[in-house]
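First chain A sits with chain B, and in the next complex the same chain sits with chain C.
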Partner chain A sequence: MTSTSDGIREQIFALLRNRLRLRQRQQDLTINSSLEALGLDSMTAIELLLDLERTFGILLPDVLLTAETFRTPATLEVAVRSLLEAKG
Partner chain B sequence: MRENSLSQWLLHDLLDQAARLHGDRPFLIGPPVLSFRETAAETCRLAGWLRSIAVERGSRIAIITRNRAEAILVAFAAARIGAIFTILHNSIKPYGLRPILEECAPILVVLDETTRHLADHIGPARLLWAGCADPPRGAIPWTEAAKAVDGGQFSGGHRPPLQSNECSDPVCLVYTSGSAGIPRGVLLSHDNIRFAAAAIQERLRYRPEDVIGLFLPLSFDYGLYQIFLAAQAGAAVFVGSPENAGPELLMRLASLRITILPGVPTLFAMLLKLLHRRPCPLPDLRCVTNTGEHLPKESIAAIHEYLPGVEIFVMYGLTECKRVSILLPDEWLTKPDSVGRPLTDTEVFAVDEDGRQLGPRTPGELVVRGRHVALGYWQAGADTALRFRRASTGVRELYTGDLGWVDEEGFVYLAGRKDHMLKHHGIRVSPLEVERAACSIPGVELAAVIKIAVTDQLHLFVTTAMQSLTAEHVIAGMRELLELHKVPDQVHVVADLPRNSNGKIDRRRLQGEPS
Partner chain C sequence: MGAFSEIDPIQLAVTASRQTLRAWASDVDARNRFPHESIEALRQLGLLTYFIPRASGGPTDFVTYCSIAAVLAEECLSTALIWAMHCQQVAILVDHGGPEHKHVLDEVERTGALVASVTTEAGKGGDLLTARAPLLPEDDRVRVRRVAPIVSYAEHAAFFLLTMRSAEDQHEHDVRLVLVAREDAGMTVTGDWNAMGARGTQSVPVTFDLVVDNNRVFKKPFRQIAVQTLIPAAHLGWSAVWYGAARGAFRRFVRQLRQPENKSRAQLQSDLFLSRLADLRVSLDLMDSMITQAAARIDSLRHSNADVASYENITLNISLNNVKIAVSRLAFEVVDRLVELCGLAQGYMKNTALDVERVFRDLRSATLMYHNDRLLGVNGKLILVENSGAEAIWRRPDGL
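Up next, the complex of A and B:
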């Protein structure tokens, strides 16, 4: 896993591991992993949405509440970063 | 136009009647959007094609796709020529599919992108490709089936010259978990479905201006019935999928102007989480219906709080007769613990161990009578004899396996299961089936599954002599074998399973273990 200086990616990975009940440091979760294949169903996606908003102090607007946003850790990271930047 | 209403009691007559009454109004909202008239015409063409590939009265057709219009078109087309359709969950694995296909021996299997990997597992059946991407080798592309014209066009009034069936014919097989751990196909006749649909409509009163939000799988009978209820009322259905019920749920409900939301408690739990996050008025939504499992009083109160004015119908049913009872919204105020009164022209009562009818408020096994009671299980005589019995008067009776009682006014109350069947996400799951799948994973010796009611989670406990076996291995293995709703949420690898004095696994003690 590449680390990022601000730790955003690491926090997203930690939230995902917790929700998807994956073990720490296992190589099964990469930045482009399909979250659906790892067991992300509708309910888990909603829980994850709430986790992300709480952790980063953001509110995902309706246009981002799509399957595309929740496709991979990378797509989630893009969404989170865009909202953090907008927040300033 | 036919005069005799008795001759219009086949499943597809619902569609043809809607095509006459509501013609160009939208019926199936996809993409694509199909009107009643278009759906009727498409299904006539498809019926002709089915006949051209030797599908006959009584032949089986298995549909294994995501929720999509094509699945519904094939189902109605099958009904037109007297064939029997079954819709299987698209997360079914070859392990679970094999025994079903062996048992029901379909002549045709319908797959799409979500089930492409099953193409090598359908045996001698022909393969119809309902997907958009390139079809697998040997598959018949949808365009070829849809362009056939020799089946007789829908003429807007007369039944096409395909008729070979009558209303006591079987038309649909709904696979559900059997108590022996083997999936059982519940065989429904045209009359079973038409009777149930009419009786449900009498309570729920869907209207032509309604838009039903379908987020339940079509393989689940209440999902499938939304199509029939919509056709019957002239309403439109948004053909969504469970995947659309995630973070985008509120947006979908608002933008599609959904008026009716049929669900199971899991769906309402998601709706409430999203409403709690950001309240949203949903002015079009007027009615929600719950089935599958008990909807907690707190959830009902929360729905009332966030969505004032929305009517909530609590219902009880099982695939073997579709719907047993419905509680009207105003009845909930005085009978909040009831699942409602039996459908009109049906009867529900509790019996003791010897099948003797019990009086009011005396708990026993619930027995159902009525025209909605299914024909039986497909090719499972012993199981059929156990559940579908005949009273000494000759009346057919369904032994539900559910424990409960009926009060003086006829309201039904539930008190658990006679067997060990579980509900997960509102869908019946046999613990035996889950445990058998777990034991087929290399290294697993013993397995026991329980459900934690408050979280709606399945917890699987396994023992092993293999040091390297981890919970992650077992979960991954289970995902390879079972449909999503049967896969445990958590796996615990334990040294031993608790036993009772008879040496049987003590599930009650397991209930206290996780947390």
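Up next, the complex of A and C:
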């Protein structure tokens, strides 16, 4: 895993590992892993959304609530970064 | 089979309920046994084929389904629950079954075979949409090995629809439904059902270990089947049963109030009594409205052949969950308050003409059947993202 200086990616990975119970299932995560293939189901997606908003102090606007945003850790990171930048 | 299509099935249910279910309900409860006589009556009237479309017409809608469930539950909650759960499985077969599942519907029509649901599994915390035990390929077939802590009327069903994880290397939410027939053998009942109420459902623990053909596995992901058919049919069917059981006890109580031999007739002069009585009716009407409104909404989706996405609307799912949550509470509350109004002799004693004591025990299970706490937890999250377009992430393109 490539680390990022601001730790945003690491935080997203930590949230995903926790929500998808990857440690218990001994599965690993890369920046382009398919979240669907890792077991992101409908309810977990909503829980993850709430996790992201709490952790980063952001509100994911309706326009970002798409299957594309929740496709991989990378797409989530793009969304989170864009909201953090807008926040300033 | 009965002349189902020519006669209003609700009227048939009224006949069965008053003539047969009423006669056997106490015995079924006291002897902790399956309601053979009552299910046989439903079979003879053709009511076990509800949801199977017929050339001659006849209703297959949810509003009528709920009305029948309530009418049956007025006299025997266990029989009504068995009927409602069987119909849920029939609806799944009608809506989602392939050609290889058709013979089950033929058997239901020909012999009144019962179809049971197997979704409970140890260790998964009651989550309907997950399954732990995987389907295991074995030669050209598939092994179904599964422990189910609670299977209603397992010893009396001819067919079972089981939720299984799709494969050993798949996630718990990748669930498939598989048809198992009693004659496949390989099912063992491992315990009994000695419960406070709903005793006639005979919901026993079962172990399955058998091999079936691959075509027994439904092609569609279970989540799609659940969202489109099972969840609406289960929430509304169960709710209608609970509402009907409370309504039945209430009506029996009201009927005897004006009887000359009613020793407590004087209480009809009491404003407090009349106000309490009227309050119960408020709760009953609330339940009726919630169930009918939600059932009509599902009917309109079904009539317009709406796609799965329409059933995944978050507001719809919150309201379906709320019907179950509200009715399971209100129905028990009504009977609890009825015990208060009836007093010791009529409300607390066993085997009175009102049967309030049995209905009280029966209805205590309502909040526990698919526990309200779980549904409230789900609704709490859904409410936070309602109207935000979150269906796009809630809904999965592959139906999982």
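Heads up, the rule we're going with is that the second predicted complex is superposed on the first by the 84 of 88 C-alpha atoms of A that agree within 3 Å, B and C clash if a C-alpha of one lies under 4 Å from a C-alpha of the other, contacts with A are read in each partner's own complex, and residues count from 1 in each chain.
Note that in this section a contact is a pair of C-beta atoms (placed from the backbone, for glycine too) under 8 Å apart; a residue touches a chain by one contact, two chains touch by 3 or more.
Owing to the predicted nature of the structure, the values given are computational and were not obtained by experimental measurement.
K.L.:
Of the two partner chains, chain B (first) and chain C (second), which one does A:F70 touch, if any: first, second, both, or neither?
P.N.:
both
K.L.:
Where does A:L50 make contact in the superposed view: on chain B (first), on chain C (second), on both, or on neither?
P.N.:
So A:L50 meets both chain B and chain C here.
K.L.:
Which partner, chain B or chain C, is in contact with more residues of chain A?
P.N.:
It is B that touches the greater number of chain A residues.
K.L.:
Go through the superposed model and pick first if A:L22 touches only chain B, second if only chain C, both, or neither.
P.N.:
A:L22 contacts chain B only, not chain C.
K.L.:
Under the stated touch criterion, which partner chain does A:S42 make contact with: chain B (first), chain C (second), both, or neither?
P.N.:
Both partners.
K.L.:
If you lay the two complexes on top of each other, which residues of chain A touch chain B in one and chain C in the other?
P.N.:
39, 41-43, 45-47, 49-50, 62, 65-67, 69-70
K.L.:
In their complex, what parts of chain A are in touch with chain B?
P.N.:
21-23, 26, 28, 39, 41-43, 45-47, 49-50, 53, 59-60, 62, 65-67, 69-70
K.L.:
Mind pulling up the chain C residues that touch chain A in the complex?
P.N.:
Residue positions touching the partner: 129, 171-173, 223, 312, 378, 381-382, 384-385, 388-390, 392-398, 400.
K.L.:
Note which residues of chain B are touching chain A in the complex, please.
P.N.:
Touch residues, chain B against chain A: 242-249, 251, 266, 269-270, 273-274, 277-278, 470, 472, 475, 479, 484, 487, 490.
K.L.:
Which chain A residues qualify as touching chain C in the complex?
P.N.:
Residue list for chain A touching chain C: 36, 38-39, 41-43, 45-47, 49-50, 62-63, 65-67, 69-70.
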